[in-house]
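In this document, chain identifiers A, B and C correspond to the written order of the chains, with residue numbering beginning at 1 in each.
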Amino acid sequence: MGSFIQYTLQGLASGGFYALAALGLAVIFGVLGVVNFSHGSMYMLGAVGTVVALDEFGLSFWASLIVVPLVLFVFGVLLERGLVRWLLKLDPLYNFLLTFGVTLVIVDLVKRRYGSSGMPYDTPAGLRGQIALGGLELPTYQVFAALLSVLVCVAVWVILVKTRVGMIVRAATEEPDRSRALGVNVAMWVTPVFGFGIALAGLAGVLAAPTRSVTADMGTNFIIILFAVVVIGGLGSIFGAVAAGFIVGLVEAFGQAYAPAYAQVLIFVLMAGVLLVKPTGLFGSGEHS
Amino acid sequence: MPETTLSEQLPAGQTGTPVLEVSDLSAWYGEAQALRNVSLEVRVGEVVTLVGRNGAGKSTTLRSVMGLHRHISGNIRLDGQDITSRTAERRARAGIGWVPDDRGIYASLTVMENLTLPPVVDRDAAWSLERIFEHFPVLHTRRNFPGTKLSGGEQQMLAMARPLRMGAKMLLVDEASEGLAPVIVTQIGDIIREIKKSGVSVLLVEQNVNFASTVADRHYLLAEGEVVESLGNDEFQSRLEELLHHLGM
Amino acid sequence: MFKSSLKIVLGTTVAVSLAACGGAGGPGGGSEKISDGKLVLGVLNDQSGPYKDLSGPNSVEAVKMAVEDWKAAHKDDAVTTDIEVITADFSTKPDVANTKAQEMYDRENADIILDVPNSAAALAVATQAKNKKRVYINVGGGTSALTGASCNKYTFHWAYDTYMLANGAAKSVTDSGGKTWSIVYPDYEFGQASDKLYTGAVEAAGGKVIAHIPTPFPNENFATFITKAQQGNPDVIASMHGGGDLANFFKQYQQSGGDKSTKVVGGVVFLSDIKSIGAEPLKGMQFTDSWYWNMDKEARAWADRFQEKVGTRPTAINAGNYSAAYQYLEAVQEAGTDKSDDVVAKLEGKKINDIFLRNGEIRAQDHRVIHDVYLAEVKDPKDIKEDEDFEKIVTTIPAANAFRPLDQSECSM
């Protein structure tokens, strides 16, 4: 039972990274119709940015939690204004290829500047050690990372449900064309939403810095799992992305615990299974056509 | 049928100012031409239907007017202003209300959110929520339901109420009666008459000619992307049998 | 839009995940006197990928240093002073290494190829060396097959190998009281081999391995594996991971409270790894090292010169490349020619002490270069007084005990 709870927490913690990043991917896809391949590199930039913020500017982890996503928001805005925007009218494949290219450039620039092996980053002082919960010793950082990502997902959910912006994002996600025909100014929200999605990936990266190897390549594997997450959750479903993020985290953790040889394959088996039974994903409606 | 001008076709008494004027509208899907020189006109407070077989170009006409189909030539005017080059969003803001054939209700938005999502484009013309709920009491009772939990008829009412709240002056309604029970169709008819009374014009695509004849002032008969006849409602009613035959119904 | 986007995402996911499953491998793995009048030393390694900091451009610099130092030592009597160092990047791909080695030997007339820090790539280059009858000295690759089943007349193995890594730490740590072990290893050829080697060494020293825990490769999240490794309270938890996986493992191990009473051992650890992970998560970890820049005066003196040149401290592989290049030039000098057979004859059986090798000997029988190696421990950050001084040498393992004994070797040349 003890290890069951541990595995659950571990699944939630790594699922939190997926959920945050997938949430960003989902809102970008929803509002812009862009499958952002560069999302993995934004996650990497979040983590590398956290290390650089400490090494070069003396910014603590806590400050990085705020500052790094903000910087990435601005970066996302520039990326959208400078590049992505010009291809929005074309087949989505063009922007997919564009963001793929952006990924290659970003990863190589980071390699040039910071090398290809890892960059050290210690667990912040207040989050070291373990905390006792009901007779169990749980790693403080894991508990923190899991709680924070759940919290941020809930906060984003509240924004989506309670605010006018959120309403517009939800509407545009469902059917951007129709929203335009109803006079909703979707265009106004395209840039900030793109920046926001990038910032979420960055936040996942900040959270990963103390617990994952920080390298220029860390986003490469991550984006593959992330794509599996959005396919499982339903491309274009915001709720689906978050739910599937945590589901994939749990599948990974329990897979590693009880069937380690199949742990990585399990995620893709799950993806294939979902596609067979419900091609639009667990929570997708497939109304995009 | 020889070409005749619209004014010659108009029944007596229908001489208001035109809200929507479409002239020589042609539309293409890739290489295939879907519309050929369609010209039509809707006047203030008028209900006009487009009837025709499947694939005659009714929905394409509507989508072209809305700005959702952009591969077109010709000219579209709203209140005398050329809106041909405007985006769908700007046309909506100019007062064109869109009621799509799938009703276009947002599944992830509540009824209330569905109503309030589009901006109010004309404060004077916009229906207040009170007025909407007075005419569509069911929307009030269900205001906190997700859009897709509504029945087909309720969704249709919501889809029609939405542009009214925006203050649209020209409603484009695609297949209002499709797939609805007769009692609901009657209700929808009442609502269209109510809308007409408030001075809003309606361009209605309709398969159901019986229903069309109960709500509309005039009709355009489309075949293979062309307007083949333009009829007042009296003539339309008197030739109903013949038209039904023509439409293959 | 939904459908085409879904296709894009699916297609990419499948394609990239297949690609990700493919590449596995870690550092484990004639004429007159002088032909064309000049000597060509080819350094073939990873100039841009995961092993760049382990060896990479800095090893090229080290080889150039060796050439300069050698020329300075043989001012007038040098058999040639026309020595060129060429380099190529094999991007951690064995097939690329194979082609590049061929090009170096055939087109660029390399007399020797150095380094190749990847087992599969190293074996491919060894085959080329054998076919072309040119010298190859492996430094950065780990596989003990180079001097075992796959040995050949022209291939030498300089710094370390998987047998020595396992044998050194496993024996020393078990001897000092670590009787029960959990071994966590990446589930591919290199990791499985390391697990076997460690298990053998632990058991030979009287210890017991209570859990073998394979993990996916590569892997981000080790939390569940750490929980498993801790079950049964072993004296020692050993991780056979390299590079990014090593960082992931130890960062998460430390967060899960692993720094209490259990000793931790790293299977394949280099200075570059400690630099990239930081000392904090690794403090107290023990591992076998073939050389450390601050282990004695001679090493230190060379490391200072190296740092002046490239701005960082040398890894054992950098130093090993220096040593290999220098000793190759010495052998050419002694042979008076760059003919491979003559040079090999001079190298075989040679006893060497230089900045890298202590009590070194090039075994003639299998071309394994044996030398003293060390059980090293990562310092607590608060004990680190100097930049990059991460390691403390716990014990020296004498050359005779460090490497695979000849009677266990499968090599026949």
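Here, contacts are C-beta pairs under 8 Å (C-beta built on N, C-alpha and C of every residue); 3 or more make two chains touch, one makes a residue touch a chain.
Quick caveat: nothing in here was measured; it's all calculated off a predicted structure.
Closest chain to the protein CA centroid?
The chain sitting closest to the overall C-alpha centre is A.
What's the chain with its C-alpha centre farthest out from chain C?
Following the centroid criterion, the farthest chain would be B.
Kindly indicate the chain pair that has more C-beta pairs in contact than all others.
A-C
Find the geometric centre of each of chain A and chain C from their Cα atoms only, then give the gap between the two centres in Å, rounded to an integer.
Roughly 36 Å, centre to centre.
Report the inter-chain centroid distance for chain A and chain B in whole angstrom, where each centroid is the mean of the CA atoms.
43
Could you please state the distance in Å, as a whole number, between where the Cα atoms of chain B are centred and where those of chain C are centred?
Chain centres of chain B and chain C, defined by C-alpha means, are spaced 75 Å apart.
At least two other chains touched by the same residue of chain C: list those residues.
none
Which residues of chain A are in contact with two or more other chains?
Expected reply: 287.
Any idea which chain C residues touch chain A in the complex?
Chain C residues touching chain A: 1-6, 8-10, 12-13, 16-17, 20, 48-50, 52-54, 187, 213-216, 218-221, 223-225, 227-228, 231, 243-248, 251-252, 254-257, 272-273, 275-281.
Mind pulling up the chain B residues that touch chain A in the complex?
For chain B paired with chain A, touching residues are 66-68, 87-89, 92-93, 98, 100, 104, 106-109, 113, 116-119, 121, 162-163, 166.
Write out the stretch or stretches of chain A touching chain B in their complex.
Its residues touching chain B are 167-168, 170-171, 173-175, 177-187, 238, 285, 287.
Provide the residue numbers of chain A that touch chain C in the complex, in ascending order.
So the residues of chain A touching chain C come out as 3, 6-7, 10, 13-14, 29, 33, 35, 37, 91-93, 96, 111, 115-123, 128-130, 137, 139-142, 210-215, 217-218, 220-224, 227-228, 230-231, 235-236, 252-254, 256-257, 260-261, 263-264, 268, 271, 275, 279-280, 286-289.
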